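Once you've had a glance at the structure underneath, I'll fire off some questions.
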Amino acid sequence: MKKLLSLMLAVMMIASVLAGCGKTTTTEPEASTAPEASTAPEASTAPEASTAPEASTEPEAPAEPMILRWGADSEPTGFDPHTVSEEASLRVIPQLYETLLGQDENLNYYGELAESWEVAPDGLSYTIKLREGVKFHSGNEMDAEAVKYSFERVLGRTEAGDIGAFGSKATYFGNIDTIEVVDKYTVKFNLTTVTSVFLSNLCSNYGAIVDPAVVKENGDLMRADGGTGPFKLDEWMPNNYVSVVKFEEYWDADRVKLDGITYYLVGDEAARLAALRTGEVHISTLSASNVQAAAKEENLTVASYQTSNYIAIGLNASTPALQDKNVRQAICYAIDRQNVIDIVFSGEAIPTHIIPPSTGHWSVPLEKYDLYTTNVEKAKQMMEAAGYNENNRLTLKVAAGLLDSIRQTAVVVDQQLDPIYVDFEIVNLESGEYVDVWYKMGTPEAGFDAMVVQDGSGTDPNRGIGMFFTTDGSASVFGFSNARVDELCELALATADEPTREAYYNECQDIIIDDAGKIGVASPMAYFVISKDLQGFVPTLADSSNYRDAWLEN
Amino acid sequence: MDHLLEIRNLSIDLPRGKKLPPIKLVEGIDLDINKKQNFGVVGESGCGKSITCNAIMGLLSYPLKVGKGSSIRFQNSNGKEQEIVGMAPQELCKIRGNEISMIFQEPMTALDPMYTIEQQINEALSFHTNLTKAEMHDASLEMLKKVKIPRAEEILRDYPHHLSGGMLQRVMIAIALINNPRLLIADEPTTALDVTIQAQILDLMNELRESYDTSVIMITHDLGVIAETCEHVAVFYAGQVVEEASVVDIFHHTAHPYTEGLLRSVTSLGNAKKELYTIKGMVPSAGNFSTGCRFADRCDRCMDKCKTECPPLVEIETGHKCRCWLHIDGAVEEA
Amino acid sequence: MRNYIIRRIIQLLPVLFGISVLIFAVMKMIPGDVISGILGIEATEELRHQLEVKFGLDRPYIVQYLDWISGVFIGDFGESIRTGNPILPDIMQRMRVTAELAILSAVISWIIAIPLGIVAAVKRNTWVDRFVRVFALLGVSVPGFATCICVILALSLMFNYYSPLGFVFFVDDPMLNLEMIILPALINGFSISGSVMRMTRSSMLEVLRQDFIKTVRAKGASEKVAIFKHAFRNAMIPVVTLIGMQIGSLLGGGVIMEQIFSLPGLGQLAVTAINQRDYPVVQGCTLVIAFIFVIVNLITDLLYAFIDPRISYN
Amino acid sequence: MRRFGQTIKDLWRDPMARVCIVGIFLIILTAVLAPVIAPYQPDHMIAAPKSAPAKDYLFGTDNYGRDVFSRVIYGARVSLWVGLIAVGIGAGAGYVVGMIAGYFEGWTDTVIMRIMDILFAFPSILLAILISTVLGRGLGATMVAIGIVNIPVFARTVRASVIAAKGLEYVKNAQSVGVKTVYVLIRHISPNVIAPFTVQSTLALSGAILTEAAMSFLGLGIQPPDPSWGSMLSEARAFMEQAPWMVIFPTIFIVITILLFNVLGDSLRDVLDPKLKL
């Protein structure tokens, strides 16, 4: 018996030695979960510094540090504001970095790192007066040189060369010609062409101001922290938690009440709901159906806002059967958007075409398009006219994956198209494959005839239409190409006058919707399930991760 | 009680669930074994001889049980009489290997392959004595010498699979005798061995019996072994003792027809050429023994009475019992 | 024995080599690539090419493989394409989490399974035996993640309890660490105890019928000695084989368990890396997991000789 | 095949085994007659999503509003099919490989067992992804993936019992008498291999059904909308609180099926293993 016990111990010793070695520091970043490639970065999420209601009772600092515990559903890949695009990272970046301007809930600009700004009459140059005495987390002072370096880094004009930054595109800062340092706190941007969206782009985290010294020292900002934001990066335990702590010398420090935020990875939704209920986590995101369960809890509230994302079905232009516009329009007619919303989003979403209503006046009202009023009978006639009937049905190979909402929409729409002789052969791709197929969706190599996607059209149509529907738009993957639309987008970009831009974009929407190559379905809400202890946090479309005014009751 | 062991009305049951009555594999066994006596138990395989002896040691394997009304009384070394049937397990453990010990038929699988020979011998000592390790080592070494095992020192360190059948049987004998038991039960000790080794083992057992004043129950189906080693013999048939007598009476004044049949079917140099005699018919299976004499349908002198009524075991002469109507006077009609 | 070990270690090399070739081929065969993952939707052609050159993905496969495998020999598993970190330290850190969960689950399963397996064999066909067999079957048949979720929900609904978040290593804060890992270890332990229990019962039944058990009893040994010292020792070989296999797979990291309890283990790392087509990380993970498997197998085989004198390797 | 008939007769006597045989027969029957038994098509949306069990949908509806009862019945078809074929592949190949490795020892044994080590050491999830990528997703890929993952386990179990069996007396005798190797393998060694092999195949079967669930959890297994118990379970995970019946009924069916197979495995072992008569 003695021999047996010693043997057991031996096995355990070996295993624990094996586990013991390799004690490393905890700040080792980690590969993240699937990139949210299709939900392109929210151009609009810039920190908002409008005058939030002054907190009535100033809570005196409790003995224990006030740490907000966030229940994250996925793992960030890194925190470089200029290159990273996943939702998980985009939650943390606004805490670390700030931009020159910000946008409040009714989309008006306010100065963040900029004190004031003026636009030259010809619209080709912008002069920005910086706020003085603002410090980076590294202790260096934020000045015009740092702003110049930040934008040149995005445009690939620094020694690091092209870092694959989204901001370098024409739709963002591509047409910045030169950046002049007028004096220590004044920067002048000279543009090659008039860009009406320049100010709005300055609010996006692609325009974040970074500390040149930190970038030079670390090569990139995936793990290093070169920001000026209210919190600085403290610790990152890959696949487990990321913690940020209060930045003492923040320029608006007295406004920040939290001592730190820790984003815990709780991948499983049911586990997140349980963590919220027991108060182990103060705030988290849940899918529509679980949000209703959380709303019933007396210690939880639900804050939601209408996103500018939309679920759509992209049809592969190279598929022979789909080249017939009548077939595409028939599919558009047959879709019952309210049914999809009831099932997939538990009724909490709004029907939409390719520009969601949440973008306000830019989006043409849905009622204007007959195609978007469900009419199965008409769809059936159109399909029969195109030669389809009960024993000659159209089978489409449909790619889905990445998000539950995408997978479920595919199943529901497949059911809806049954009466008009269309069958979906749904394949749930795993995230890496999904992204790969997404690129080829306009070509036969994709191997799929259609794909259900969730795209983010941002707050400005230049992105919503320019990026997704112009012939060489970087997200125009479904093979849609229309000369008129390309021309209209260029014109719209070149004029600063809002009404004329709106007219141009409306005409674009008419053409794109009539083509029905990409059929919008629904624009979901974004939910934050928040513990009642958390006060002072009001998420909006413009800014959904601003905790400067937040504090914890107990 | 002057006997070493008294078995009275021993029966062994095979339970068949709650509803059905259990099958009686062995029934009404009465045996007495004296001190220093060589008691032979003979019978075809399956006649219940080994399970009877297992019952003596309380080693009946699952699901067999000793029947009601059975009694096995044993006089241990300090003269106290003990009833083995129903004895508490701890008490039984004190007797096994110390007062009564046993050796088995299959030496190759009778020892635990995981432990050395020394460990397995010392274990027998450790249960019944509180010798130190060194003392145990010497005792085992000395015991191995007694059973004439060459290179005893090395053999102690070997494992069972290193040794031959004969050697292993010697080790078994060493283990059995090391605590100087009063009774040794040998369950067909030589059946698995080839003839030359068989003779050596039997000589060894006879020799040791002198120095250990142990009485031996020799279970075998080989009448040659009986003749060579036993003084008194009991013949088993279909779960009953059909004849018990001194070895001389069994061979020369056989009373029971079955014993007669057994003797005639033994090949001896004399009748090598003649066709071998075999007892006709088959041994009845345990479930359906006839109420009469169980040998009736195979007995060529069977009478009507044999079929209907089971003859009792009667002492037809001093020290010679037989279970057959032929020998119970008055029961025989004039043929 | 010693040169047997050396021989077995030499035999490991082709196995590990085989695995490295297989995993390298796998990663090349899987559709989708890491570049599109990094660049997201706004990748341009020349940008993709630039990154491919930067990570050396444009070189012929053979060159890439040799470059990687030569690095492995000197302990440099290369950097992760997604995060640029050195891979080995990262894997080792994850290994500590997975190893801790594996050992705890294994020990818990032994504590549950082996005694019950023995009792079921000794008290055959009694109510104890039936209870144990059903208990073991429940362990085997209830799907892992269903149990986890039910337990989490039940605890949060009834006791308003959720295990603490933010993994802490045992060295840093033993109590907190144990509180975090005890729940998954218990569920994991329970589910793998089923098969160990059945195997223990089955092999104990076979051994208890052997002749030497009767000899041991004839020597006057008590039931306890006969069962534990002799019967169990002989019944160990198939049980050790099964345990070896289980520990091997446990150390491979239970993805579902790690994901639900958000434990930063090796399984989670491997599957995340697969999703992002992060080749070096996946290759690194597979090699480390495979190395552990092979070592555990070797230990299991050596245990045979250690337990059973009939098996010797010299 | 006289032995097979005999085994079934022996099995029939054990009450527990009788229950299992009837149970398994019923489940197979449900799977085969799914279109007849199931009140609705598995992918038809018949009522409001996530409604509780009621008269016309016994097991309630899932998050699409489809009838869980019909999906469970159609799911039986898939899960059983995956389980049986996968274990068939794994057990069959594993048996042959194990026999050869165990019997011929020496060089063949080392080579075979090293290949088994490679397959065994390979994390099963990755192996599943590889195979489902090569063969394309869906039923076929899942079956082959789970089958291949099982081969090393069977090979190892069979090899262990063959080595043990070779040590036995009567096998040596058969060899010494010059009995042809194949005959020795089948006639003498395989009865000893049957017991652990049966136990292993019942465990593998339960493992196969659970692995299918894990694979559909990762999106690799059965593609929507056709149901399998595993995919139903992983889909229902997120709705555990509002619609517990979506999880409960597939889990019950999985647990029952695996219980039946395992108990049958035990009784089969008792019947097949010659030494275990009493």
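For clarity, chains are labelled A, B, C and D in written order, and residue numbers in each chain start from 1.
By our rule, contacts are C-beta pairs under 8 Å (C-beta built on N, C-alpha and C of every residue); 3 or more make two chains touch, one makes a residue touch a chain.
Remember, predicted model here, so these are calculated numbers, not experimental data.
S.K.: Which chains contact both chain A and chain C?
M.R.: D
S.K.: For chain D, which other chain has the most distant CA centre?
M.R.: Max centre-to-centre separation from chain D belongs to B.
S.K.: Going by C-alpha centres, which chain would you call the most central?
M.R.: So the chain nearest the centre of the shown protein is C.
S.K.: For the interfaces C-D and B-C, which has the higher count of C-beta pairs in contact?
M.R.: When B-C is set beside C-D, the one with more contacts is C-D.
S.K.: Find the geometric centre of each of chain C and chain D from their Cα atoms only, then give the gap between the two centres in Å, rounded to an integer.
M.R.: Once rounded, the distance between the two centres reads 21 Å.
S.K.: Taking each chain's centre as the mean position of its Cα atoms, how many Å separate chain B from chain C?
M.R.: 54
S.K.: Which whole number of Å gives the spacing of the CA centres of chain A and chain B?
M.R.: About 89 Å, centre to centre.
S.K.: Among the residues of chain A, which are close enough to touch at least two other chains?
M.R.: In chain A, the residues touching two or more other chains are 268, 270, 273, 430.
S.K.: Please list all residues of chain D that touch 2 or more other chains.
M.R.: Where chain D meets two or more other chains at a single residue, that happens at 129, 218, 237, 240-241.
S.K.: Can you pull out the residues of chain B that are in contact with at least two other chains?
M.R.: Answer for chain B, listing residues that touch two or more other chains: 62.
S.K.: Show me the residue ranges of chain D that touch chain A in the complex, using the header's touch definition.
M.R.: Its residues touching chain A are 43-45, 49-50, 63-65, 129, 137, 218-220, 223-225, 237-242.
S.K.: Any idea which chain C residues touch chain D in the complex?
M.R.: My answer: residues 11, 14-15, 18-19, 22-23, 26, 29-31, 133-134, 137-138, 140-146, 149-150, 153, 195, 198-199, 202, 205-206, 209, 237-238, 241, 245, 248-249, 252-253, 255-256, 267, 270-271, 274, 282, 285-286, 289-291, 293-294, 297, 310.
S.K.: Going by the contact rule set out above, which residues of chain A touch chain D in the complex?
M.R.: 268-270, 273, 287, 289-290, 292-293, 342-343, 400-401, 404, 407-408, 410-412, 414-415, 426-430
S.K.: Touching chain C in the complex: which residues of chain A?
M.R.: 1, 3-4, 7, 11-12, 14-16, 18-24, 28-35, 37-38, 40, 69, 75, 77-78, 85, 162, 164, 166, 169, 220, 222-223, 237-241, 262, 264-268, 270-271, 273-275, 277-278, 280-281, 430-439, 467, 474-475, 477
S.K.: What part of chain B is in contact with chain C in the complex they form?
M.R.: It comes out as residues 57, 59, 61-62, 89-90, 93-98, 101-102, 104, 106, 109-116, 123-124, 127-128, 159, 161, 172, 175-176.
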